[in-house]
Amino acid sequence: MTHLLEIDALSKRFDGVQALDGLSLRVDAGTVTSVIGPNGSGKTSLMNMVTGFYRPDSGAIRFDGREIGGLASARIARLGIGRTFQQIRLFQGLSVRDNVLLGAERRGRRGAAQRAGELLERLGLSHAGRWPAEALPYGHQRRLEIARSLAAEPSLLILDEPAAGMNPSEKRELDALLRDVRGRGVTVLLVEHDMELIMGISDRVIVINAGREIAAGTPASVQADPAVIEAYLGVRHDA
Amino acid sequence: MMDFLLAYENVIALVCINAILGIGVYLMLSVNRFSLATGGLVAVGAYVSVLVSLHTALPFPAALAAGTLAGALMALLLGAPVLRLEGDYFALATLAFTEVMRVIAFNWDTVTGGALGLDGIPLATTLPLLAATVAALVAVIVIARRGRTGRVLEATRLDDMPAQALGIDVARVRLAVFVFSGAVCGLGGALLGHLNGFIGPNDFGLQRSLDAIAYAVLGGLGHVSGALAGATIFTALPEALRFSAQAREIVMATILLLAVVFLPRGMLSIGQPLRGALGRISGSTRRAAPAGEAAPINTEVRP
Amino acid sequence: MTRERNVLLSVSGLSAAYGKRAVLHGISLEVRQGEIVALVGANGAGKTTTLSAIMGLLPAVSGSIEFDGTSFLGQTGPAAGLAVERRVARGISLVQEGRQTVPQLTVAENLAIGAYLRRDADVAADIAHLYALFPRLAERRRQLAGTLSGGEQQMLAIGRALMARPRLLLLDEPSMGLAPKIIARIFRIIEQIRAEGTTVLLVEQNAREALAMADRAYVLEQGRVVLSGDGATVAADPAVLDAYLGGRQAA
Amino acid sequence: MEVFLQQTVNGLALGATYAVFAVGFTLLFGVLNVLNLAQGAILMVGAFAGIELTTELDWPLPFAFLAAMLVSALTAMTSEWFVFRPLEARGANRWMGLVASLALARLLIAVVQEVFGTQVRRFPQSAWTEHAWDVLGVRVQSLQLIVIASAVLLMLALAYTLRRTRIGLAIRTIAFKPGVAQLVGIPVTRLKLLTYGMTGALAGAAGVQLGVLYNAVSPFMGDNILLKGLSALILGGLGQVAGAAIGGIVLGLTEVYSVAYLQSSLRDAIAFGAIFLVLVVRPTGFFGTSARQRA
Amino acid sequence: QVIKVGVVQTTTGGSAALYGIEQKNAIEQVVEQANASGKLGKLKIELVHYDDGADRNQTVNIFQRLIGKDKVSAILGPTLTTSALAADPLAQKAGIPIIASSNTAAGLTQRIGDRLFRVSPPEDIVTPGVIKRVVAQNKIKRVAQIYGIDDQLTKSAYTVQKQALADNGVNVVATETFQRGDVDFAAQLTKIKAQTPDAIVIGALAEEAAAIVRQARQLGIPQQVLFIGTQSAISTKFFELGGAGAEGTIVGTAWYPELDNPVSQSFVRDYEARYKRRPDIYAAYGHDAAALLVEAIRRAQSGDSARIHAELTAIKGYPGVLGPIGFDANREPTVEPKILVARGGKFVPLDGKGADK
């Protein structure tokens, strides 16, 4: 199997904080790979580096065999990496539909409109197409972010805590959506704290702590790992 | 009619030129950058075109082209380092640029004539030409905003970070818009230079930049027509107030202030419902956000 | 004690709207002294809106909000409510959804402004206490809040609200974005502050824990209260079970 | 060497006035999040108040100085009340605020001109303001010392207020996130008004300082200082109070040294060129921290 | 019959308003007196004043309006030379005579054309004589120059001064500049002081010149270093703002308030009575501009621009406040410059009683 994303010995330091400390990981094409870890362990920083929002201090990031570390984020996005933000970043003041249209920006006008319609439908937002984005309830804003990044048709989709603010039934819908996305050949790199979602959907889970990998493997195996329980789960977590 | 034209020809010409400068500012506002470079860029366009007219045998269109090109080129040189700056820092860097340009104009006697300026410039700028220029600019912008370009600009204006995540190279977009804006300002300068037969450094200071911003903002943000409305009102009002010789300045300032306070979305917001129907994607229709939710459009924070 | 004396917050017939869009349609709920009350519901049900209205961030269209026996809305009409900061001064504190910190202030400063209205001498001790609760914040005390990780910011937002020593704490999805281990800790903290005398109105998507801990709960759907009762009863309701507790899958 | 020292003294006195003005400017910028371009006009109003009191009512300078601060403070607060607050309540774009401040400046200048005329005025001279010492061949005027000392005092007072009192923290909170400020019980509206008052007072102080030091009080005196204030602001990093103070001093020295060692006609070009370079090298000014919010 | 005359003087918008207002005041005074005196017969002059806010674009607007709408017979103004360069050609083209009273740039009348007259003697008429005299009298070898770089008036004054200094073989040891609105000249003056010049030649308006002389003395530039200024310093403001520093400043000019000339003396009296302050030199220029126009209209007995123009050309030796005044072939004023020195709060003739040294 080919590695769609390969990260080698990635490090990043902010004054006083070693956010990432020589982290390496692989994401196989067509899978859902999850990254979990305690708050402040470096997950978002990692995603910021993969998408060009942070510049790595050292280490390599290869996407589809090509080095992308330090490239501008727009370049990286155009190579096929889409993302959502942990702190929701919608285009405030634009309608829900226009937000998605902007995601589909690189497609032709007609195609974009059609695709936006489909995505809104799929994410249950069609009723709100004309609302200003900030009028959506929090959970729906998250969905809108996902719709927007899917509109750009990425081959790798990075989701930073997509389930935050969703209730269990909504999480089930998210789960279904992610399966659907994977089914369409999009690789998903997921950051989450929701164990049910993680355990249900992940093909592989990587656990980091203080910027370093402490465990990796199938959901079941990491869940049973005492180091993971100690650092992250607190108690054995059954799902 | 003839009489009216005779008495107000220059006012109308100034409305057009100011509208062009307002459009230059509008362009930058449409990518969320507050440019105070107008004065400097207009100076570059004006001096270059006037020098072409005075020192070469080239025809007027060539002088116009030279001014436009010079404005664009200057914007390119300036934009490369300066556009990295965020929000207000960008505004202030462009302010510095405008001031430096003014000082250069005062000091470079042999070329600019210093404080004495340049005179004897052929009066080539005509009303039809000005009107056509404004119309053409408005048309280009309205058409461009309709489609893809409009959406890209809108995303760039609203929030850099997600725009980049969607593959929009906001830096490139801004530079392109700045260069276009520079060309517009350069053209405005060239036209201005050939309007009255004289130019001097004091025509191009910070005041010019601030006025241009007032045109764009006062008319109504979010649409080119705002710049037109703003330029018209701003330019014509002092003339309309000619009757009150001394208190004119007070009246003028008061009207401006009231206009801003009572029409905080710009003069065009008088016809708000109409516009809402017209420009959905270009519109900056903002609903009331719940209090406590600071919804900053710009991405920067100031630690 | 009479029942009246026991009620700290009483909302009745509350309606609220964003512009023309009505969102709350006559909500009534009560929070008694020393209780933990949970408010659950789907996305968009109006939970956040309810808290905003109680806090005064959003004017109520009609209905009444009484805190500790005094009305927040006044006689002069629905919009003429008590200003937010006055409600804070009366003893209500809100932790907003989505990690609302002041990004440009340091962690320590964020905590300090939480105690803005306090004039007692215990502020320093309270800060120390908070650092003990959230050691991560202690490590980062000089860091600008805006550069914290999502979870760290959430801890900070909760900490800031606690610094006000409120009588009634409104929590909007406090567990959001926190690691499981921390979530467990947050819930313990909530119980602990209740034990120390603070009343809590809790909005949570993590409904299972919330309901397990709550004395009473209200279920909101499309701006209406559709179910209420003590925590266990609500948790046992089949509809709730399915929608908010992960249904059979988790049961 | 003597010349250098003399120029340094000149630069410090000039820089001190810039600093006082810039500090008020930056404070307001921090809270209002708008560049209040009427600040120069507010300074001018203060200077006129000072001059009227000293020349027409024969007030001693120190009292006139305080009164001028008060008048400017009231002017600023009035403008908050009638212009900036309604604007904000109507959800205006911050650029609208900027245009409003321009209009306000125009109005203030026009009114002062109408009332007091266009003539340049000066403060009365007295023995103790005209005194000068020759120290090591450097001419130090009592006025320069007074101006520098009052500037330092004002800035220390402000720094103390902002850094060491809860008001200061509250003001910074309002500046950054008014929503949160409300939620912790900060009386946002009142504190904003207070902040306007403080910045106005600083502008008034700078106005009198400039007036006594250079004897040039005119309705247009604000235009020039506004530009200097903006520059000091850039140098110091927007919204940075300490930065603005240092920025003001640095600007004063830069101007003076560029006259002294380069060419006086390039004074502004060098000052602004320097600002330009600073921005290019350090995109958030000398003391500004990174402005970018993390993803 | 009413004859309309346009007055374009800056009364708002920056320092130009300082001398715009003075000119406007004097012009109004002259016309009112003329109308009242009955010397115009059946004619009556109506002034149409517009303020251009020191913005030459507005000046052009105003000229178009005066010509196209108000149909004026003649125009007095505008205040600034930059405005004149932009607007005067309009009047020239329409054949309407203009009399300028504060434009002093060399060669202006020839550049615009035969309709432009001026009463303010250009710097190149006044300054060379002053420099020559003072240099010879005080054996001046080294001078420093300081001037306003962004003002037409001061810039042209500087150019003429520089030429005159060169012609007299004087060594310019420092050339410093400032900009409009600058209030601090200490840096420039410190630099000048270090060069130990014999004199400082100033190209500045009254207010700036006052600040320069004052700050120079405060910085310890010794009393024997002479100041040589321009005619714009002829203003009570110069003494008020310059204080003790003003003492000894030498200027060349066509007029000063104490001028021993009955027309001037009655003008000063009337002006003081009317406006509660002493006129400055711009008021005097404004006066003569208006007086000459009134005289031309009186002679023409008509509002016809061409006839007024012809009469203006013909005027010779009219008794103005500047002395006998008329226009030469280039429509420049024929007045005799005088050299003055500041003594005890006023200007006195350098040759006269106060002139020691």
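A few notes on this one:
Just so it is clear, A, B, C, D and E label the chains in written order, and each chain counts residues from 1 on its own.
The rule is simple: contacts are C-beta pairs under 8 Å (C-beta built on N, C-alpha and C of every residue); 3 or more make two chains touch, one makes a residue touch a chain.
Model, not experiment: these values are computed from the prediction.
Touching chain D and chain E at once are the following chains: B.
Of the two chain pairs examined here, B-D and B-E, the one linked by more C-beta pairs in contact is B-D. Work out the mean CA point of chain A and of chain B, and you get 41 Å between them.
Averaged Cα coordinates give chain A a centre that lies 48 Å from the centre of chain D. Distance from the chain A centre to the chain C centre is 29 Å, each centre being the mean of its Cα atoms.
For the pair chain C and chain D, the distance between mean C-alpha positions equals 43 Å.
Of all residues in chain A, those touching 2 or more other chains are 44, 51, 53, 85, 89, 135, listed in ascending order.
Under the contact definition stated at the top, the residues of chain E that touch 2 or more other chains are 11-12, 149, 179.
Residue positions of chain B with contacts to 2 or more other chains are 106-107, 161, 246, 249, 284, 286-288, 291-293, 301-303. Chain contact summary for the complex, chain B toward chain E: residues 3, 5-11, 14, 106-107, 114-117, 119-120, 196-198, 200-203, 238-239, 242, 245-246, 248-249. By the touch rule above, chain B contacts chain D in their complex via residues 29, 34, 81-82, 84-89, 91-93, 95-97, 99-100, 103-104, 106-107, 161, 206, 210, 213-214, 217-218, 221, 246-247, 249-250, 252-254, 256-257, 260-261, 264-266, 284, 286, 288, 291-294, 299-303.
Residues 18, 21, 40-45, 48, 97-99, 136, 140, 143, 147-152, 154-155, 173, 176-185, 205, 207, 242-247, 249-250 of chain C touch chain A in their complex.
Across the complex, chain B is touched by residues 30, 35, 37, 82-83, 86-87, 90-93, 95-96, 98-100, 102-104, 106-107, 109-111, 113-114, 175-180, 182-183, 227, 230-231, 233-234, 238-239, 265-266, 268-269, 272-273, 275-276, 279-280, 283-285, 288-293, 295 of chain D. On chain A, the positions that touch chain C within their shared complex are 14, 16-17, 36-41, 43-45, 86-88, 135-140, 161, 164-172, 193, 195-196, 231-235, 237, 239.
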